[in-house]
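Labels A, B, C and D are assigned to the chains in the order they are written; within every chain, residues are numbered from 1.
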Amino acid sequence: MLRDRPFATYVLAVFVILSLNFILPRLMPGDPLLAIYGEEALLAMSPELKEELVRRFSLDRPLSAQFLAYLAALFRGDLGHSYYFNAPVSRVLLGFLPWTLLLTGLALCLCAALGVVLGIESGARRGRPQDAVLLSAALFLGGFPDFFAGTLLLLFFGVTLGVAPLAGALTPYAGKAGLSLVLDVLHHLTLPLLTLVVVRVGPFYLLTRNTMVTTLGEAFILTARAKGCPDRTVRYRHAGRHSLLPVVTAAGLQYAHLITGALFVEMVFSYPGMGTLLYRALLTRDYPLIQGILLTAALAVLTVNFLLELVYVKVDPRVVRAR
Amino acid sequence: MRRFRCVSAGRFLFVTGTLLLALFALAGCQARKGADGGGAVYTVADPTGDWGFPSPFAHYPRGPGYIRMHFLFDTLVWKDEKGFVPALAESWQYLKDENAYVFRLRKDVTWHDGRKFTARDVVFTVDYLQKNRYQWTDVSIVTRAEAPDDYTVKLVLARPHAPFMNNFAATVPIIPEHVWQGVTQPEQFTDKRAAIGTGPFKFVDYNKEQGTYLYEANPNYYGGRPKVAQLRFVKINAEVVPAALRQKQVNAAQVPPEVVGDLEKEGFTVIKGAHDWVAKLMINHTRPPLDNPDFRRALAHAVDRQALVDTCLRGHGLPGGAGLLAPDNPWYNPQAELYPYDPATTAEILTGLGYVKKGQYFEKDGRVLELELLVSGEGVGVPGSPREREAEMIRSQLEKAGIKVNLRGLEAKTLDQRVGEWKFDLALSGHGGIGGDPEILNRVILGQSFLSARYDRSGELNELLKRQLSAMDPGERKGIVARIQEVYAREMPALPLYHPTWYWTHDGKVNLFYTYQGVGTGVPIPLNKLAFVR
Amino acid sequence: MLEIRNLWVSYGGLPVLRDVSLTLARGESLAVVGESGAGKTTLGLSILGLVEGECRGEIIWRGKNLLALSEEELRRLRGREIAMVFQNVETALHPLYAVCDQVAEAMVVHGLGKGEAADRALALLERVGLRPDRARAYPHQLSGGEKQRALLALALANDPEVLVLDEPTASLDPRTKGEIVGLLLEMVRDRITLVITHDLAAAARLAGQMAVLYAGRLVEAGPAADLMRDPRHPYTRGLLRAYPHLATTKDLQGIPGRMEHGVEGCPFHPRCTQRLEACAVRAPSPVPAGGRTLACHRGGIVPLLEVRGIAKSFGAFRLLRGVNLTLYEGETLALVGESGSGKTTLARIVMGLTAADEGEILLEGQKVEKRTPEFYARVQMVFQQPGESLSHRLNVLQAVKEPLDVQQRGTEEERLSVVKRVLAEVELPCDDGFLKKYPHQLSGGEVQRVAIARALVLEPKLLIADEPTAALDASVQAKVLKLLLDLQEKRGLAILFITHDLAVARKVSDRVAVMLEGRIVEEGPTWEVMASPAHPLTRSLLTWAGPQLPPAWARRGSWPAHEEFSGPGRPSAGAVSSR
Amino acid sequence: MHVDYWAHLKQSNAGRAGLILVCLLVGVAVLAPVLSPWNPGAYTGAIFSPPGREHWLGTNDVGQDVWAQLLFGARTSLAVGCGAALLATLLSALIGGTAGLLGGLYDRFWMRAVDALLVIPPVIPAILVGAYLRPSLAVTVALLAAILWPGEARVVRAQILSLKERAPVAAARTFGAGWGHILVRHLIPELGPVLVAVFVQGVRRAVFLEAGLSFLGIGDPAVVSWGRMMQHALRFTYLDVWKWWLLPPGLALSLTLGAFALLGFALETVFHPRLRR
């Protein structure tokens, strides 16, 4: 959580990320030409075609020149041109980004909400059987790798029961619109979302539970009960809200993990998110696209962190300005 | 969020939970209805989904990309399961003296936007391709195109070129002059008009993210009215394709070999593909001891290709043809099979080369014979491509023959790069196209791509390869190609391991077939547009 | 009317409150005092049903036994009819909500509309001294005093009939404490209030009744003023002695030992200086005794020595004209008066050295006829001139051992060890070298301490000290006086301290009796007599003692008035530096 | 507050369960050759045969015995998991600790570096390492550690910052103790619980990432690990072979991670007494 002089440090962080974005893909062995055109032996890779491609991908210019061109273009908001998709990177991203944001955003909210509520209920009933069951379930489920959980769910619900869709983000060309489209999208979203939530709810739950146990020992809880607040109000409005603080701070870090987790889940459900796009871009060594994806992922995480910091100030009045 | 309404948090979550479940069930049954929209819709599943906008210049340079495009655009000549058939050209003729082909065009062909198709479009196409670098096939072979009248066109070749019919006439899509006139960057030209062709289907929609395509039938197609009203391509992972077939969500798809038996029992039609793909053990013949042909022959004897097929492919494949072409390929020459599995011969050759066997491995002047075998974890993304399983088996076979092998797993593109830069001993790779025109041999023996053996040290081989291109007479060409395979087998610059068998399954609405020498230049996918209009 | 009958509360089997019974009528306020850990807070919490432990007995409120109510019924009661203000002010308010919201919530929970609750909350907070802008602030932005006011407002939100205040004045600076107590007085009118505190001054001001709790048991209860002036239970007296307030005169004295729960018999008996075997067997139940209830087998602090109507005259001169005096156990009574007022004679009469013409002496309630060895084992005397009381022919060992020899107590070695122990108690070396010394080889202070040692060797209950330190210089006197008070604290020794020096009397005595011409003209708690002397003689005695105050204080004139201090409770910077 | 961790662990039932599980796993890993008749790499010829008398857990796509692979896989996964987590925890303690202690530019530099590294999906460094270095167990452990430490460093730094303000440290400084002394005497022992929690989390993520690496085909194919087993099994989910080939490594994996999480949880209550109440 970037706390001191927030904005300046964010700019610095973004610059560091930009340079890493540029350098890392180029360090990877293999160049786009080979990656995109080499694989298909049927292609007549005539020398002229190769030279024209090199010019089009501006691979001939020295790295530093390319870097400056990249920064200048970025400044103008142009993310460059994807080799493989043969289209501006921004247009390609715009197609895939919403799906990933939908998936990871919803997953984060659900994980947080579910984790907090379960944590509160479990924390309040410390030691009793319900707490023990929830606890061991969270610890056990937390052990599942994303792709493993995803495959199992897909096999069970999709293949065996046939209740859930087998792939994709919506039923193609089913001519749906309005509400039925939304329903269809949600129907396709259920399994990937369920996978991410099942695997990623653990940390939220454990964190809330532990804070809840310590908070219930605080004096203001006794005041609340003395005020005659019903048990649920004490548990949620007083102890719950106080236990929310560490969850908000942890959510930032968890979101970064969530995105990497989503990479595998998207592949299992062939969900058209940034994960599948990144995997394809890596396979085809599509430098501009890889840079674009990394930058967007970085910005997403930074924005989420920034938003969470605002939420934290809202939730905890003791924090007046940037600590 | 002035005050966190956590009093109702519990209730709020309970409500969203039930809402999600209800929606789950509701949409579930809805999806069921949508799938089987009657015979009108034909759906094909594809694990990758997105192959680019289906225009001749915008589709990605891969087989499936060409397939998506070929439903919309026609070629002068086309192929069915047996050979060449008329398409835009009713008949054609090769003028030996002028080294030119004359095509008489059909008169009743219209573009999807209703405009008449004439010879001018063909001439425009040839000129346009010369200027705009058509990536899918080499168009430089045609020097000039003339249209004496509206319905005949003459294409003059630079030199006698045997593969012309297959790689040009039956591959190059004819584009409408009135659309493409003045289009400078063809690969960026992706609005609806770019998809106007003369093919059996019209373009309706292409969604890059979802990896889906939607075509509708072209009622006045000269080759007959397509049997299905709509043709859809959807993205479904290979692992769940069998389930999609069983749940009637798709009509046709490529399926993994292991599940073929069950599907057949369940009433699906299974078609077995031509062995168009070859898995190869790339050998770095620029570095001793691999530069010595005898050593390479010793290696060839040490690899049990039949065992590879039986275990790693569970029998779904053919052992590699020593001359690169698969045993069931029309041009295959059985004499090229010089390497039966026989570790004893390997030992014999190695001792002949001065290696002495101490304990488990051969040694020469104190150093153990040790080679590094590169393999890529997820293979080349094609079913049956060589992965760790094959690498482990080859290693154990070579170790049994006395050669120490270290395995090294690399990411696919990294492996390709190291092979390209000769930074390897042995590597597992492979490519398709050997089911198409024998011209592929030139590309994978002399070509510069990392898939090619890049072996030009055998003068005889180089000479044969050049002659086969200009041998216009099929009989003569067949003899040359046979000889090429024998010389290649003797030189053995790269060891063909096996040819995986690919299976497609469909529900019988359209009886798909594998095209003779692959679709166009050699794409081994049984989605030939003719199947939809028969 | 709130009635607590035989309340037992235990956490995990360990009883914290044992058989506590109290009754409070409307408008009455009861202060519950005692050391921390005595179970005061648990008593408060049990009324609200917030105790985690197991409760037995009954708490009757409006005819219903609170302990038997269901959680839901109790919940409706809390905050509306019975409210509590909590101890640790710093964390008692929820850190994340504004104060006015928290007060409003207390009303909303019991059915009041949100809007109306918010307005009433602001009004209530204003009444307790928090202006609206302060009321809307968050707890971390308020000072200790403001938080205490907020908590009070929180408790008074629904105008409860029973108000439990847990340490309302703890950790507050004097000025805020004064304001809060003033506020509380106004707020608790016509409610039932239970004030839990260890701050006796606040308890005295706030509560009419007072109850002293020790290790979960009620040891003494009654009108607050009486208890403060005249504690009957040794523990209450111990508390008062240990509690410093502006009017304290006597040096502070603690109570020996530590409070333990689960002690057999009377919980206080391990630390009680007047315990009997019976005290260790059965726990005394609180019994009404003279307008208050008392839980002590011996009926509270035992009157040790009673002098009734003693008169003595030499020839025509009537030295003592009917002296009545009572000296309680473990207490110091200072007998002051000019020389020749008959102080020493009275002492000699008590010791039996001089026969009285009339009157009688009672020891522990029995009339004393003949001075038997048992009498001397319980009463000893130290004379004014240290040198004279020790015979020159006896060395230290023999002198101190003499009373043991007289009473033939124990074997020779036992006597030697007792002598050594007593010498150590009076902080004298007990090596052989010193034991063999003779009085003339010792200093005045040492001789007096040997005399005291001799007086203590029989472990008396009463020590009569006749001007014991008059002949000593100040530094030695201080040590001896401190020695006497320490012995009193450790052994519960009662001292009749005869002196003419009021300053010494002030520092040593619990109660003081002024003699003039053979009669007691004034008697009472030292701090009361010194603060507001009734008899002219006492006043004159005080003024004579006055000028000896250190000169610096004298020049200052009257103390600056209270209001001159600016700022909440902190003297303005200027005032401090100038002194 | 020095507490006898060992005794306490045995006491809390979560701790006991965790201990038993971990010992079981280590035992299985060590006794692998004894427990399974088959060599994990051997081709037994029976392809996709369901669990039976011959092969307790059936065989995989090339006829290797799944039970043997599971046992030998335990060795790799545990070694890689614990090794990487340990290295990462040390690294994070070092960098996080010093950053927290020294503050100023040094601290800001490292924290920005951490933020940047956190955001990069581990796929890219994985490919880079795979390409340039000869993959071996040590290389994989180092790579995983490099991916893990940024997240952990931030947690350690936050803890150090709060500990720095605590009274005993302030008191120590009043005796003139230098940062070195404070670090060793006060901070490191106090960091105990955090480091344990971070280690457990590290093991979990390390084993996850190891599975991911084999997904990309990086690393030594000859080495058997649960992650690699799952990758191979994932390709055959359309057959019912997944029941005895994909499930066992997955369950074994989550059991291992569950065990470590239990240990972490039990230890955590040791260090926060109020949790134990």
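Assume a residue touches a chain if its C-beta (ideal position, glycine included) is under 8 Å from a C-beta of that chain, and two chains touch if they have at least 3 such contacts.
Keep in mind that this is a model prediction, so the values were computed, not measured.
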More contacts between chains, A-D or A-B: A-B
Inter-chain centre distance, subunit A versus subunit B - centres from mean C-alpha coordinates, in Å: 35
Chain centre separation (subunit B, subunit C; CA means) in Å: 102
Centroid spacing, where centroids are CA-atom means, of subunit A and subunit D in whole angstrom: 22
Chain centre separation in whole Å, for subunit D relative to subunit C (CA means): 63
Shared-contact residues (touching 2 or more other chains) in subunit D: 127, 131, 215, 234, 237-238
Interface hub residues of subunit C, defined as touching at least two other chains: none
Multi-chain contact residues (two or more partners), subunit A: 28-29, 151, 154, 159, 233, 241, 282, 315
Every chain pair in contact, whichever chains are involved: A-B, A-C, A-D, B-D
Residue numbers on subunit A that touch subunit D, as the complex places them: 2, 4, 9, 12-13, 16-17, 20, 24-25, 27-29, 135-136, 139-148, 151-152, 154-155, 159, 202, 206, 210, 213-214, 217, 253, 256-257, 259-260, 263-264, 278-279, 282, 290, 294, 297-298, 301-302
List of subunit A residues in touch with subunit C within their complex: 218-220, 222-231, 233, 238, 241-242, 315-318
Partner subunit A, residues of subunit C touching it in the complex: 48, 50, 71, 75-80, 83-84, 86-88, 91-96, 98, 105-106, 109-110, 138, 140, 151, 154-155, 157
Partner subunit B, residues of subunit A touching it in the complex: 28-31, 34-46, 48-49, 52, 84-87, 92, 95-96, 99, 113-114, 116-117, 151, 154, 158-159, 162-174, 180, 183-184, 186-187, 190, 232-233, 236-237, 240-241, 244, 268-270, 272, 282-283, 285, 311, 314-315
Subunit D-facing residues of subunit B, complex: 238-243, 255-256, 258-259, 311-312, 314, 375-379, 387-389, 391-393, 395-396, 407-412, 414
